[in-house]
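Heads up, the next two complexes both have chain A, just with different partners, chain B and then chain C.
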Partner chain A sequence: MAKRRIAYYLMTIPALLLFFAFHTFPALQGIFYSFTNWDGFSDGYSFVGLKNFINVFKDENVYNAYFFTFKYAIAATILINVISLLIALGLNAKIKAKNFFRSVYFLPNVLGVLIVGYIFNYLFSNAFTIWGEKLGSGFLSQNILGNPDWAWVGIVIVGVWQGIAYNTILYLAGLQTIPADLYEASSLDGASKWREFWSITFPMLAPFFTINMVLAMKGGLMIFDQIVALTGGGPGRSTQSIAHLIYTGGFTGGEFAYQSANAVIYFIVIVAISLFQIKVLQRREMDL
Partner chain B sequence: MRKNTNWPATALIALGSILILFPLYMTVGIALKNPEEMAQSIFSLPTGLHFENFSNAIKATDFFHALQNSAVITIVSVGCILLTNSLVSYAIARNMNRRFFKLLYLYFVSAMFIPFQIIMLPVVKVTTALSMNNIPGLILLYIVYGLPFNVFVYVGYIRSIPLELEEAATVDGTSTWGTFWKIIFPLLGPISATIIILSSLSTWNDFLLPLILLADPSQYTLPLVQYVFQGQFSTDFNLAFASYLLALLPMIIVYLSAQKWIISGITQGAIK
Partner chain C sequence: MKKGITTVLAGMLAMSLLGACGNSSSDNSANGGSSSGKVKIEFFQNKAEAKASFDKLVAKFNEANPNIVVTQVNPPDAETVLKTRAAKKDIPDVVGLGATDTFKSLATGGVFEDLSSDPVVQNIQPAYADMLKNYTANNQLNGVPFAANANGVIYNKAMFAEVGAEVPKTWDEFIAVAEKFKAAGKNAFYMTLKDSWTTLPAFNALSSNIAGIDFYSQRQAGSVKFSGTLDEVAQKQLQLTEYAQKDIFGKTYNDGNVAFAKGEAAMYLQGVWAIPEIQKANPSIDLGVFVLPATNDPSKNKLVSGVDTLLAVSKTSKHQAEAKKFIEFMLQPENVTQYITEQKAFPTITGVTQDDKSVEGLKEAFTQGNLVDFSDHYIPAAMKIDTLLQEFLQKKDIDAFTSKLDTEWDKVADRK
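Right after this comes the complex of A and B.
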C-alpha cells in the first residue's frame, strides 16, 4: 500500500515542481519586480514601493490601452455571440449541404491568428478600398486601419471573422441537445417562430451562452496577435491593447518593473471580470 | 414528420459562407498572380498560375526549415502532454480524498485564470538564465502550461471510470504504473483525442511564446517567420501571400482530412 502511495506522489511531484518553477515562480517574480524600478537589463534595482502602481493609474497610455481593449472585447463578444448564434440556427435548420457549410464556418478556427491578420491587413489597404472607390465614398475608399477613429472597427471585423467559428460550433452542439418534442409541443400550441426562440431555444442554450460569453470576453481582453499583424498599435496608440503595451514597454521600452505593475493590475481585472461574468450569467441561467 | 428543405436558411447560410471564404479566395488568387495581373485586377481569378511565387517564398523564408521547427515543436509537445498530463491527472483523480492531491488539483485549475501577460516578462528572464530560450525550452513550457486545462479535463474524465477495473489489476499484483499504462491510459482515448486536437492547434498557431522565447532565428516557427519577413514582403504581395498560404496549408490539409474528428473533439473539450 505504501508503494502505491509513493507511486502517486512520484507521478505528481515532478509536475508540481515544474509548474511552480515556470508558472508560479515567474508570476511571483513579476509581482516582486512591480515594487522595484528594474528596467529589465541593468544589474541593480531598488525598491520603490507603490510608485509604479500610482504611475500606472496616472499613465495616459495605460488608460488608452484599457479603453481600446474593453471597447474591442465588448464589441467583439457581442457580435461574435449574436452572429454565431444566427449561423448555428441556420446550420441546425433543414438546409442543403449542411456538413459542407459547417466545415466552411469552422475553418477560420484552425488558421493562425497572425497570418489571418496579415491577409486582412492587405485586404483593408488594397481590396476593400477599391470597393469604396466604386461606391464613390470618400470614407470607404481609405484604409480603415489608417484612421485613428475607425481602426479599432477593422480589428473587430477580423476578430469576429475568426471568432465566430468556435462559438458557432458550440451553439450548434447546444441546439442539438434540445429535445425535438419541445418544438412539436409548441407548434401544436400555435406558437410563432419568434416566440419559440425566446421561450424554448434561448433558455435551453443558457449554459452554452455562459461559456461562449466568458470565452469570447477573455479572448478579447487578451488580444495581441491581431494588433501585431494589423496595426502595431497605431495609428498613434489608438489600437494598442493592454497585452501589446505590456509587451512593447516591457521588452523594448526598458519598463520591466513598470509594466509588471501594469500586468498585476491587468491580472486582477481579468479575474474580477471572469468571476463576475460567471456569477451573473449563472444566476440568469437559474432564473430561466 | 420530415420537413422539406428550408431554402431561405440555405440561401442565407450560403451567403454567409461567401464572407468566410472570400479572404481565402483572395489569398489563393494573389499567391498565384504576378504583379502585372495584380495591376489589372486583384479580385479576378489568376490566369497565369505563377507557381514561382511559391518556390521564391520557400527560398526566401527557408520554409521547410520553419515547417520542420513547427512540426517538431508541435509533435513532441503534444506527445509529451498526452503522456505526462494524463498521468498527473490519474494520480490526482484517484486521490481526491487526500488533502495534498485535492490542493494540487485546485492549484493547477485556478492557474487557468492567470493571464499569460503576468508571467510573460519574468519567464524570459528565468528561461534565459537556464539557457532554455530554445526549442527544447519552448517544448517544456508548452507541456507545463498545458497542465491547468488538461488536468481539469482529464480528472473529470478519469473520475467517471469505475474503480473495479483497476481493483482487479491490483489483486493480480500489477503496480500503480502498470495499472495506469495498461488499463487507464487506453480507456482515455476519446478525451485524449480532444486534448491532441486542442493542444496541436494552440501550439502550431502560437505566436507570442516563440516570439519572446526563441533567441536563434534558425529555430523560428512558421508564424514567427511570417512576422520576421513582413518587412521584406511589403513590396512584393505575391511573394507574401504565397508564403502565408504555405504557412496555412499544413493546418488546412489536416483540417480537411480530419474535420469531423476535429469538430467533435473541440466540442467535447468545451462542454467538459
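Right after this comes the complex of A and C.
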C-alpha cells in the first residue's frame, strides 16, 4: 500500500515541476519585485520596502480601475447567469433541431476573445452608428465606445455575448441531471410551470449556479483582452480594468515594481472574494 | 476507445517534447553563429507603416551579404513587446525605434551600445544626433538617427481651392480657414480621438511652440508648473475640436486615414507618416502639408520634427560587428533615399533631401532649421499624457486638466 502511494506521488512530480516553474516561481518573483524599485529593464534595482504599496493606496488611477472592474464584473456576472439560464431552459425544452441550436449557442466560446473584440469594435464604430442614424437618434448614431459614461456598457455587451456560451453549456448539463420523475410528480399535483421552476429546477441546479457565479465573477474581475481590443482603457481611463492598468503601467509606463505591488494587492483581493463566494454559495446548497 | 485516445495523447506529447528539443538546438546553432555558416541578425522595429520598405532593404542587404541573414520583426504594439523582452533580458540584435520615452528609458537602462565613436555617425546631421544625446543625458549616442519625421497639418488642396482658402501662417488665419469650412457646411478637421495617441500631433505642435521644450526641464527642477503655463495650449487644442466632424471620440486612426482620403474633411492633424496610408486609400488625392501655426507670430511657428526611426545595437548581441554592418548599409545615401521616398520621411544624413511634392510645404522649415522637438517625448510614459488629453477633450475643463498634469507628474516622480 505504502509503495503504491509513493508511485502516485512520483507521478505528480512532472506536473508539479511545470506548475512551479511557470506559475509559482514567477508569482514569487513578482512579490519579490514589488518591494524594489525595478523599472522592468535596467540592470540594477534597490529595495524600497513598502513604498510601492503605500503609493498604490495614494493613486487615484488604481481606485478608478477597481471601480470599473467591479462595476463590470458584477453587471456581467448577473447578466451572464440570467441569460444563460434562460437559454439553457430553452435548449432543454422539446424543440426541433435541438442539437443544432445547442452548437450555435456554443459558438461564441470557441472564437478568440480578441477576434470577437475587434469585430465588435468595427461594428460599434461603423455598423451600429448607421442604424442609430436611421433611427434618428443622436445618441445611437455615435460610437458608444467613445463615450466615457457609456463605453463600459459596450464592453459588458461584448463580454456577455461571449461569456454566456460556456455558462449555458454548464446549466444545460445541470438540467439534465434533474430526474424526470420530479416533474411528473409535480404535474400530478397540478403545479404551475413557474412553481415548478422555483421549487424544483432552480434548487436542483444549485451546484451549477455556484460554479457559474464563481466562474463568471472570476472572468469579470480578470477582464483584459476585451479592453485591449475595444477601447484600450479609454476614453481617458474610464474603461481601464485593474489587469489592464497593471500591464500598461508595468510595461509601457516603465513602473514594473510599482505595478507588481498593485498586482500583489489585487491577488489578495481576488483570493478573498473567491473564498467568500464559495463559502456563502455552498452554504446555500446545503440549506436547500 | 479510451486507450486509443491515451496513446494518441502520449504520442502528441512525445512529439511536442521532441519538437521543443529541435527548436532549442537550432536556436543554439544560430547563436553560435559560424557553426551553421550564417549569422542570424534579428532586426526589430516599431513602425507598422514601414514594414514593406524595411523588407525591401533587408532583402537587398541579405543578397549583398550571403553570410548574414537579417530578419525583420514587427509585432503589433511593438514598444510594449520590446519592453517585455527587455524585462527578460532578451534584446534583439538591431532595434529600430522612434526617439520616444521607451528609447529613453531603455537607453538609460544601459541596454544599447554607445555608437558615438562609430564611423557611421560622421554623416549624421548634428541636430538629430544631439537630440538623441539629450534624451539619455549620459553623453552617449545609443542609437543612430535613420529617418526624421514631421508633424503638421495635412490638407486637401482641392477642398482648399473650392472654398478659396490659403495656407495659414498665423493662429488667427488658421482659425479663419477652419471657420470658412464650417460656414460652407464642411468639416475643417477629421479627428480620431478614440485612439488616444492621435491627440498628440496637435498637442506637440501647440505645446512645443507655446510652452517650449525647456519647460520640461524647468518642471523637473520644480521652478514652473503646468497650471498657468499650459492653459493656452489646452484652450487652443480644445478650440480645434469645434471644427471637427461629429463623433470625434468614436473614430480611430484607420477610420481617419480613409475618411480624409475620401475628402470628408479639409485638414488632418497628423504627422507625415499618415500620408502613405492616405494615398493607399485614395491614390489620386492632391494633398499638402503645412506647419501648424501655433502662435500669431509667423517667425515663432516652428515645425515639430524628431527622430522617427533610430537604429540601435543591443549590448548583449553576440554579433555586434554584423549588426553594425547592417546599420552602415542602411545609412548609405541610396538606401536612405529609397526609404524616405517610400515613407515620406525626412533624411537625417547630410547630402540627401526629401523632394516629394506632397511635403513641399515643409521644405522651408527644414532648410532654415526652423525645427522643434516633440514635447511628449519629455513627459514620463507612466503619466500617459495621451490618455489625459483624451479625457480633457471630453470634459473640457482646462483648469482641472492642467492641475491634473501637475499631480500626475509629481506622483510619477515620487514613485521613482
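We take it that the second predicted complex is superposed on the first by the 269 of 288 C-alpha atoms of A that agree within 3 Å, B and C clash if a C-alpha of one lies under 4 Å from a C-alpha of the other, contacts with A are read in each partner's own complex, and residues count from 1 in each chain.
By definition in this document, a residue touches a chain if its C-beta (ideal position, glycine included) is under 8 Å from a C-beta of that chain, and two chains touch if they have at least 3 such contacts.
Keep in mind that this is a model prediction, so the values were computed, not measured.
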Contacts of A:58 with chain B and chain C, given as first, second, both or neither: second
Partner chain in contact with A:188 - chain B first, chain C second, else both or neither: neither
Touched partner set for A:236, first chain B, second chain C, both or neither: second
Partner, of chain C and chain B, that touches more residues belonging to chain A: B
Touching partner for A:106 - first (chain B), second (chain C), both, neither: first
Which superposed partner A:166 touches (first chain B, second chain C, both, neither): first
Chain B versus chain C as contact partner of A:143, first or second or both or neither: second
Contacts of A:251 with chain B and chain C, given as first, second, both or neither: both
Contacts of A:40 with chain B and chain C, given as first, second, both or neither: both
Chain B and chain C contact sites that coincide on chain A, given as residue numbers: 40, 126, 251, 256
Interface residues, chain A side, partner chain C - complex: 37, 39-43, 51-52, 55, 58-59, 124-126, 129, 141-148, 231-238, 248-249, 251-256, 258
Footprint of chain A on chain B - complex, ascending: 1, 3-6, 9-10, 12-14, 16-17, 19-21, 23-24, 26-27, 30, 42-43, 84-85, 87-88, 90-92, 94-95, 100-101, 104, 107-108, 111, 113-127, 140-141, 144-145, 147, 175-177, 180, 201, 204-205, 207-208, 212, 222-223, 226-227, 230, 237, 240-241, 244, 247-248, 251-252, 254-256, 259, 262-263, 266-267, 270-271
Residues of chain C touching chain A in the complex: 79-80, 83-84, 86-87, 101-102, 105-106, 108-111, 193-196, 246-252, 255, 380-382, 384, 387-388, 390-391, 394-395, 411-412, 414-416
Footprint of chain B on chain A - complex, ascending: 3-4, 7-9, 11-12, 15-16, 18-19, 21-27, 29-30, 33, 40, 87, 89-91, 93-97, 101-116, 118-120, 122-123, 126-127, 130, 161, 166, 169-170, 173, 184, 211, 215, 221-222, 224-225, 228, 242-243, 246-247, 250-251, 256, 259-260, 263-264, 266-267, 270-271, 274
